[in-house]
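In what comes next, subunit A is part of two complexes: it sits with subunit B in the first one and with subunit C in the second one.
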Partner chain A sequence: MNLDWLSSFLIFGLFFVVMMIGLALLLHLQMGLAGIGNFGIVGFWGIGMYAFGVLWVRADWPFGEPWPFLISLAFGTVAAGLAGLLIGWLIADLDADGIVVGTLGFATVVLILATTEKSLTGGAYGMGGLDFPYDVGTIKGNEASWLAIVIVLVGALLFYVARVHRSPYGRLLISLGANAPLAGSLGKPTFGTKLWLFVVGSAGMGLLGAMYGVMVHFLSPLKIGIEITLAAIVGLVLGGRSRVWGAVVGVLLTVGLFDIVIQLYAPLPASLSAQALPVLREVLFGATLIVVLMFRPLGILGRMRRDKLMRRMHGE
Partner chain B sequence: MDFITDALVIGLTEHAPLVLAAMGFALLYRLTGLINVAYAETVTLGAYLGMWVNTTFGLNFYLTLLPAGLLAGLVSLATYLAIFRPAKRRNVGPLELIIISFGLSIFLRYGLQFVFGYEVRFFEVPPPDTIRVLGVGVGSFRILAVVSVAVLAVLIYWFIQRSRVGLQIRALASDEELAQVSGIKPLTVTTLIWFIAGVAGGLAGAFYGVGSSVRPWLGWEEFLFILLVVLVGGAKNIRGVIIAGVATGVALAALTLQFGQALYSRLALIIAFMVVLKVRGNPLAEAGKV
Partner chain C sequence: MSDREATATALKPTGSGDGGRPTIRVEGAVKSFDGRVVVDVDELTLGDHPIEGLIGPNGAGKTTLMRMIMHTVKLDRGTITFFPPRASADRGEILSSRPPHEIARLGVVKTNQVIQDFDELTISDSLLLSVAKAPDERLFRIFREDKLFEEYAEPIRWYLDGFGFKDPHGFAMSAGAKKLLDIIRCLLLRPKVLLLDEPAAGLPGEVRDRVIELVKEKASTENISVVIIEHDLNVIWDVCDYVHFMAEGRVILQGVPEWIREHETVVEKYLGSGHVGG
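Now for the complex of A and B:
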C-alpha cells in the first residue's frame, strides 16, 4: 500500500484527534446525559496509560508476545475502572461542587503518583520502552495500523453511544441528568447507575490512555496535564454535549483545526508555531468554552434528539 | 519537641497565603454558591502584577502589595461584570457556570503568558533577612506574610461579622429575596464581594510569588487546596476556613518533614480531605445563589 500522502505528522495529528473524540464521547455519557461534571478525565486516562506501561515494561514476562501486551492492556483498563469505582463511590451522591473537587483531586493524585514513584514510572523524567505489539516492517506502517485500530475502537464507541441514546438505559441516564431526586423517587437506582457509569466510562478512558501510551512510546507527567481534560471538554461543549455526534464535530473543529489544519497546512513562521501556537490554542479553547456556554449552551448541534418512543410520547 | 515547633513555624510561615486565598474564595463561594475555578488565576495575577510593578517601577516589595491587590481585585470584579453576571442573567446552570469559570481560568492562565512572557519570572528583591523563630530560620518576607495575613484575616472577619455591609452580605447569602425586600442592593454588595475576594487572592499570590517564583501555574497549583480548605472548613463562617487553612498549612509542613517529600504530604492531605467530604457529605447545597 502506498502511504506517501500520509506524513508522520498527519498520523499523529489524526491519532490525537481520534483519541480526543473517544474521551469526549465517554464524557458525553457522563456530562451530557447524566449531568456529572467530570474534571478528572486526564486522571483516568493517565492511570490507564501508566498502569499499562509500567506492567508491560517492568514485569518479568515468562511468555512471549502478544500475551504480555494484552494482559497489560487489560490491567490498565481494569486499574482505571477500579479508580472509577472508588471516585464514583466518593462523588455519586454529591452535588456539582463535590464532583468537581473529587475529580480534580483525583487527577492531581495521579499526577503526583506519576512523579513520586520513580522506581516504577521514572518520575518527572518519564519512562520509555513502549512499542507496538507487532511489526509490519516500516515505522510508518506500524503507526498507520495503530491509528487504524484506534479508529475502529472509537468508531465502535460511537456506535455504542448512539445505541445508548435509543435504549432504556439512555433514558435512565437522561433522567438522572435532568432531575436525579425525581428519578430516585420513581424507583430508579440513581447511586448504582451513576457508579456503574463512572466505572465503565473510566475503564474506557483508561483503555484509550494505554493505547495512547503505545503510540507515543514514552510516558511522562507532562503528558497527563490539564490540557487533555480541556481538549475533551471544549470539543464536547462546542459540538453539542447532549448529541451523539457532538463530540465528533466539536473535536474536529477545535483539536482537529489546530493540530492538523493549522499545524500542517497554515504558512506560519517557525518562531510562532514553536512557542506561541500551543499557548494561543489553549487561550482560544478557554474563550470558546465561555462563548459557547453563554450564547449557545447546547453547542453547534443544539437540542437533544430524543428516540422514537420519547418523541411519540411528547407528540413531536 | 523540635518536630512540633518546626512543623508549626514552617507550616504557618510557608502556607500563610493559603489562609488568605481560602478566605477570599470562601467569601465568593458563600455568597454566589459558585466554584470559581478562575480564582486560581486571580492568585496568579496577583503574583504577576506584584512582580511587574516591582520590576518596572523599582518599588520595594511592601509597596507593590497595594497595587497588586487592588489590580487583582479590579480584574476579579471585571470577570464578574463581563461574564458571571450576564451568565447568571441567562439562567446558566450550576455545572455550566463551573465549566465557564474553567474556560476563563484556562484563558487567563495562558493569556498571561502572552502579556508577561513564557519564562518563569522573579521579584527583584534583596535576599530576605533570616530571623530565628523558636529555633527555626524564617525569611523576613514570610514573617511579613504571616503578619499581613493575620491582620487581613482579622479585618475581613470583623468586616463580615460586625460591619453593616457584612450584615448585608450575610443576609444576601442566606436569602436573596428577603434581603432585597429589606432594601439591600444585591449588585452593590456582590460587586464589593468580588472585589474583596480578588484583593485577598491577589495579595496571597504576591506572597506566593515573592516566596518562590512567578509562573503561570502558580495559582492552579494551590487551587485544589484552596478548594478543599473552603469545602471542608465550611463556607458557613470565616472562622472555620481560617482554622482549616492553618491546620492544612501545619499538616503539610509536618508531613513534609516526616516523609521528606512535599508531594507525599499533598497526596496524604488530598486523600484525608476526600475522606472527610465523603463522611460528612456536602451540606452546602443551600448556599446562596446570586
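Now for the complex of A and C:
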C-alpha cells in the first residue's frame, strides 16, 4: 500500500483527533446524559498512560511479547477504573459544583504524582522506552497500524454510544441527569448507576491514555496538563453534549481544524513560532467555549430530541 | 392532648384488617428542622384498610411523614417498617435504614405533591423508564429496548388510551399532564403501598375522578394499600375507608370518615369551619 500521502505528522494528528473523539464520547455519557461534569478526564487518561508505561517498561518480564504489553495495557485500564471507583464514590452524590472541583482536584493530584514519583515515572524529566508491540517493517507502517487500531476502537465506542441512546440503560442515564431524586423514587439506584458509569468511563479514558503513550513513546508530566480535559469538553459542548454525534462533530471542528488543517495546510506566518501555537490554540478553544455557551448553549446539533428517536424506534 | 390521644386509641380498629394487607408501621418517628419538631409520631399503622386518608392543616407534617416513609427525609429517631402482604409480624422490612430506590423496589411508592418530571424524556420514555427492571438497565444491555417495549406495550398503551394521551412520543407539556404522568409512573411500578400526595391538586376535575376511580379499583382488586393526603376533603370523605388526622406533627384522631366528621369541633379547630361539611 502506498502511504506517501500520509505524513508522520498527519498520522499523529489523526491519532490525536480520533483519541479525543473517544474521550469526548465517554464524557458525553457522563456529562451529556447522566449530568456528571467530569473535569478530571486528563487524570484518568494520565493514570492509564503512566500505569501502563511504568509497568511495561520497568517490570522484569519473564516471558516475551505480546503478553507483557497486553498485561500492562489491562493494568493501565484497570488502574484508571479503580481511580474512577474512588473518585466516583466520593463525588457521585455531590452537586454539579462539587463534582467539577473534585474531579479537577483529582487531575492535579495525578499531575503532581507523575512529577514527584521520580523512581517510577522519571519525574519532570519523563520516561521513554515505550514502543509499538509489533513491527510491520517501517516506522510509518507501525504508526499507521496503531492509528487504524484506535479508529476501530473509537468506532466501536461510537456504536456503543449510539446503542445506549436506544436502550433502557440510556434512558436511565438521561433520567439521572434530568431528575435524579425522581429516578430514585422509581426504584433506580442513582448512586450505583453513576458510580459504575464513572468507573467504566474512567477505565476507557485510561485505555485511550495508554494507547496514546504507545504512540508518543515518551511520557512526561507536560503531556497530562489541563489541555486534554479542555479539548474534550470544548469539543463535546461545541458539537452538542447530549447528542451521539456531538463529540465527533465538535472535536473535528476544534482539535481537527486546529491541529490538522491549520497546522498542516494553512500558510502560517513564519514569525509565528512553534511555541506560540499551543498557546494560541488554548486561547481559541477557550474563546470558542465562551461563544458557544453564549449563543448556542446546547451546541451545533442542539437538544436531544427523544421524541424523534422514539418515533423512529417504536413508530407513531 | 392526652384525652384526645386516649379517644384516638380507643377508636383504633379492633381487628386490624385480615392480616393480608401490606402495611407500614411508624414507631417513635421524630423529625425536626432547625430545632422545630415537625413530625413526632409515637405509633401509627398505615394500610390496615384499602384506602386511608391523611388529613390535617398546613404544616401538620403530613408530607414530611410521607417523605420519612420514603426515606428522602432522614429520621432523627424511630423506625418505619414495611410489612408485605401476608408477612408475619417479625418479617417486616425496615425502611428507615434503606436508600429510597430500594424502598420503591419493595413496593412502597409515592406520588409527588410538587410537579416532578424528566425534561428530556418523552411521555412513553418516562413510562418505559418506570417499568424497566434492573436487569434491563445494565450498561452492556444495548439491545434490550425492543424486548422491553414489547413486554410492556400493552399496559402502557392501556394507560395512555385511558387518559387520552394523543401523542405518546411527545413531551408532557401542561402541569396537569405532568402530574398525571407522575401518578401513572407510580401505578406502573405495581406498588403494594401507594402514597398519594395531593393527587387532586392540579388535575382537571374529570381526570381527577378517573384517577380516583382507578385507585379505588386497584385497591380492591390488587390488594394495594393506598394512603391519600388531600386538602379537598370531599375526596377524603368519598373514597377513604379510614382517616388519620394530623396536627402539629402528631396523629391526634383516627377513625372512619363518618366518625371523624362527627368530631367536627376538633377538626374545625384545625381546619376552620366549613371544611367538614360538603
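We adopt the following convention: the second predicted complex is superposed on the first by the 302 of 316 C-alpha atoms of A that agree within 3 Å, B and C clash if a C-alpha of one lies under 4 Å from a C-alpha of the other, contacts with A are read in each partner's own complex, and residues count from 1 in each chain.
The working rule: a contact is a pair of C-beta atoms (placed from the backbone, for glycine too) under 8 Å apart; a residue touches a chain by one contact, two chains touch by 3 or more.
Please read these numbers as outputs of a predicted model, since none were measured by experiment.
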Room on subunit A for both subunit B and subunit C (clash or fit): fit
First, second, both or neither for A:21, with subunit B first and subunit C second: neither
Computed vertex angle (subunit A) for partners subunit B and subunit C, CA, steps of 10°: 80
Subunit B versus subunit C as contact partner of A:93, first or second or both or neither: first
Subunit B versus subunit C as contact partner of A:41, first or second or both or neither: neither
Contacts of A:189 with subunit B and subunit C, given as first, second, both or neither: second
Which superposed partner A:275 touches (first subunit B, second subunit C, both, neither): first
Contacts of A:238 with subunit B and subunit C, given as first, second, both or neither: neither
Touched partner set for A:168, first subunit B, second subunit C, both or neither: second
After superposition on chain A, the shortest CA separation from subunit B to subunit C (Å): 13
Touching both subunit C and subunit B, counted on subunit A across the two superposed complexes: none
Residues of subunit A defined as touching subunit C within the complex: 160, 163-164, 166-169, 171-172, 174-175, 177-179, 181-191, 193, 196-197, 200, 242, 303-304, 306-307, 310-311, 313-314, 316
Residue ranges of subunit B touching subunit A (in the complex, touch as defined): 35, 37, 83, 86-87, 90, 92, 94-96, 98-100, 102-111, 113-114, 118, 220, 224, 227-228, 231, 261, 263-264, 266-267, 270-271, 273-274, 277-278, 281-282, 284-285
Interfacial residue positions of subunit C with respect to subunit A in the complex: 70, 72, 99-102, 104-105, 109-110, 112, 116-122, 124-125, 128-130, 132, 134, 136-139, 141-145, 148-149, 169-171, 185-186, 189
Subunit A residues within the subunit B interface of the complex: 31, 35, 37, 39, 90, 93-98, 100-102, 104-105, 108-109, 112-113, 115-116, 226, 230, 233-234, 237, 275-276, 279-280, 282-283, 285-290, 293-294, 297
